[in-house]
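By written order: A, B, C and D. Residues from 1 in each chain.
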């Protein structure tokens, strides 16, 4: 009974069901395609930048907004890093500039949204175009490859105990974000704002600053992702990052981060991002023809989210306290007619 | 034990709604157990009970939002089981909900006819809305309630809170209902508007409509309601003939013997007031204005003092609070806090400086619904539960919340409970806890007891008095003049964003005659402009 | 009394969401007509408008969904899928009206699926329609095996695609866009369904309590956007003269942008058909001006981003000045 | 023993000459893919039966696993794939090779191409024998992947790529800095962009105004073709490029861009559409503007590049003046031949194999259209 309650309570935590599903499909793929485990290292290395974007997207979404610019900002950051490296700047400075590019766009987004009151969708769609356009201009003006820094390539290609360095870097960043969201004052304020911006505003939270902070965080994460992507690729071309924003947002949502705001975590987003990535990887290894890919992945996305929702619902119901105060009818947010 | 006699049989009107043994439970917890009551034709039937007593569940079942587990109800003799609100409305049961159920994007007219639009027939096709006919049908009633013809075409979002409520009532009155359920219809309404509404309720009664009236305001019952049914713990206790029962008896029934005195502790233990000049000034406003909303507001608030703000909704009461808090910016004027001029850019700074606010709309602006009780309490002063100034300690947070839970007797099994699962009164107390935890020197309270049952209301009043007795100062905004009289030392009356009257030394005027006098005075002051308009 | 009436109509005018986009249009158009001589010519306008009718249709459908409080990311893919159906069936010799009916039916069907996923299954609209987009694209890929469908074009499809006019400057897409605009505009303003649509988007709970079947309304909103996407696809099949499998990529974002510029809100309950049309005109005009000015294509994206920001900033400005004007008028009272 | 050596030598000699022929890229060879080429042995003079038997013995019924990673699913790559399949079928019947063929392509954003890196890693993990890659991913990362994959025994062949941009001189380094075994493509500058410009110059007799509809800014293909095109135009003082716009490689955007430019420059003589889809869009824009298509003397020349079935039809109808046929089917066949020569027969293959390209207009459209149609008609599938 105790175990049962523990079980239901844990599956009601955002991200846990999808994590379970992730383990399930990993096992399934391993069974169907025995070489699956041999490819895991490579595919996660490829996935790392997108995972960082997913976590960034999650932070903004938890705060009740959306950031469409992360994909191209990540691309631009990669471009800036590569450009500065190739033109001979010290590695550390280049990395810093790459990350700063992301932070800058985060700030820009935040200002447009909080100071000018521009709708977040449009504002970040605009900066999506602007950052993507800047990368095109940059890549037209100069060749974005040929960095000679060993330290830089070691960001991704180096390894500790056989595990790629980028895992540690991304792991540390994601862990930090998880900590920030769940354990710090800022994190709590982000959740409060996402749950109810108006109430948070009345309750003494500087909603503008907190919102700004979420965009700066997601921009900075996009910058970090860009640096890792540049290190991973060794070269950057004009359209890098375009379209990553949808993968990232989808990953976060699959992980249980609610687009309505106020629900989710970095770990949940990570689980969602890994789920989508693993699914694609596994399907490729099984040898699903690319023309069937859209249908299969669409179906999997739907099943994944339904599974996540249902399991969480069950978990929440079963682990509820038996109490009079709960006797009021639960208010249904979702619409079932 | 002698309870007042059950419903007398002198009223011989036929029963139109007969509720028989209805039960409903959620996840094994009973919300209603064998609830029964009968509503007669042309009867105002009050439904009373504390928060969580099962009234909302009954309304849900009658209006088709939820379905009962067992039991049935008959409308004019035939069994009814509405599967959705549409069914219920079609059968003649209409509900006005406590929360505004208007749609902001739609116009007044569209709102009134939402779901029952009149359609014009053109070329055999029934597609187009017949706005003209709809207007004609509603205009008479609308004008009675002060809604002009032009206002019928304006989106609801452009109106203030009061107008919205009136529109909602007009909407309900246009329904051809045999049973009309009014869930806290007077909440947020001004005194005068209440009387207006009561007239209409009487009017409806004389037309033979059965009214089910859910209310916390026991003082409104007498002279209006014919019968009252009391709910406690999901059961129907008693149907009282109101001619033979007193408020005291009803309260006893509602809360059991323990909370016998609840709801009646008013004037006796009011704070003793010293001479104002002996106390330090905490907050003062000098000619504060906000374009179009507030004009030249000046007053000063001293430690231990409560200033009440009266006025019609839309007169600038809430707006004043928001400007003081820095949620909205002021266009001119100065605000001094403890002698220093302040200019808060957001409420965060106000909290830091020592001003806390308990907002009006609890559901939208008060509670942060996804968070737990503990998280809701700590949110305005997170550093009080933090280590190193930025890491939140769950343990400290729990302890803090548990402390407040006990002090304020917040009814929740655990402080980790999501706040939306609590009753309205407990939610309100949790927000009080939040304010107190920010260690404010000034507390701004907007409609302290809206949607809160009588017992909780007294408790909230107690908390405010306790706060000021320890040297805090408070601004209380309330529609009920009675409430202001019970709490405040001075009352400011707002109209159109300006202070149009001050009633000082409320403290010393507790004689009943004086109370009535003040009420009349406040009413006249706040309504003055509107009366002129109508003439 | 007259003063009050004036105030009310003033209020109505000033709070109209399309005011901003009109000002923007005049602004951008004004600047362009001074800097590019050929800009302000009938030919140029018919030119760039003819390339925007299909996006207009998408934006109109999107507006309906946005008003209902949802979002439809599948419309680009659905447009492509329907274009594929037109091409494929036309190739098999099916008559034009029948082809069109089939495409519309598919659009409506996909829209209905979207609606069911969002309402009955209860998926987040973002995910449901994103998945549907993957589905639709996938079906088109399987169908075409990655190769464009060609060889279905004839004079009729040229006309449908707007490549050949039916009378002077009048083209079929123009007529379709106008008819749909009026139909949807009237639907929103003058019918029960229109009122309910705004109602659902603005306050879903209250709408349900009013006895309105919210689920049906929401599903129907997606069906309408599906049908709009199908119409757009029919035009696209004619205009593009081939149907490559990746035809629809990215048009949904354009449609959302157009709808938002035109005053719709992602929160639901707001939006205007005319706004969506003007929003798309702003976007199309931007590309047109870029091309006419000869802006190097590498700067195009930055330019588009800038215009988007300008669009919302102007809107913002209009809103704030409106508040000021309204305040002044109330203060005078 | 001796005989086998002899046979082997013979086989090698024959193949060597063949491959050389392929790589020199004579025009005859382009058409040769249609006919049975020298290896198939229908020639009156060369009997290849013995060679076939020897290769069959060498192959010994083995299975060769091939990966095919185009940047996107499109008609061009479908034709290339069909060409490859036809060649594979040929080898299968003659040498008894069994094939496994797996295609992986990103469904959208062809120009980002980072997805391809994942595909390649998967091919390596699955121990494929050879992988044909065309990707817009940065050259540096692809080379790195090829290097890692090669170490595990997987051979990489680039096709239709833009390696011209990144290749170094072969004067001192035979690999030219590339880790792919071979690069089977055409030179986008001189075999596509320049050809189009030469055709325009010839038709217009060195005098006239031109507008360009370019692919998306930032694309390597765009960059190279524009470079070649401009280089040739520069040589003709009478020719002037008056405007350019982004057509995003798709027909609809090509149409819009061309329509805009035609409004501003209604008197131009030629439109260079950097691929066929955009050129066809431009052609529609000419119709819409009620301007005249080129009839050999007057009107507007529209020229594209690709060599797709649809384009050929339009040339026949006169809507498209000409196109640069870059021989995708031939490219596909050459990919298989080169891989087979290197992987199975152990031959050295050229680092850069240029498939022949040709300007197709009304005068020669029959030849090249029937060629593509014949390739697509085989219905061979792997």
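Note that a contact is a pair of C-beta atoms (placed from the backbone, for glycine too) under 8 Å apart; a residue touches a chain by one contact, two chains touch by 3 or more.
Values in this document were obtained by computation on a predicted structure and should not be read as measured data.
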Seminar exercise, completed: Note: of the two pairs A-D and A-B, more contacts are counted for A-B
Problem set entry | Rounded Å distance, chain C centre to chain D centre (Cα mean) | 38
Problem set entry | Interchain centroid distance [CA atoms averaged], chain B/chain C, Å | 43
Seminar exercise, completed: By the touch definition above, chain A meets two or more other chains at residues 136, 140, 290-291, 293-294, 337
For this session: Could you check chain D for residues that touch two or more other chains and list them?
Result: 73, 105, 107-109, 216-218
For this session: At least two other chains touched by the same residue of chain B: list those residues.
Result: 65, 84
Seminar exercise, completed: Listed by label, touching pairs are A-B, A-C, A-D, B-C, C-D
Exercise. What does chain C use to touch chain D in their complex?
Worked result: 36, 38, 41, 43-44, 47-48, 50-51, 137, 141, 145-148, 150-151, 163-164, 236, 239-242, 244-247, 249, 287-288, 290-292, 294, 296-298, 300-301
Exercise. Taking the complex as given, what residues does chain D use to touch chain A?
Worked result: 73, 102-109, 111-114, 117-119, 121-122, 125-126, 136-141, 144, 216-220, 223
Exercise. For the complex, which residues does chain B have touching chain C?
Worked result: 63, 65, 84-90, 95, 97, 100-106, 110, 114-117, 119, 127-129, 148, 150-151, 153-155, 158, 291-293
Problem set entry | List of chain A residues in touch with chain D within their complex | 35, 38-39, 42-43, 46, 135-136, 139-140, 144-146, 229, 232-243, 280-281, 284-285, 287, 289-291, 293-294
Exercise. Which positions of chain A touch chain C when the two form their complex?
Worked result: 112, 116-119, 121-123, 125-130, 132-134, 136-137, 140, 246, 249-250, 253-254, 258-259, 290-299, 301-302, 305-306, 309, 334-337
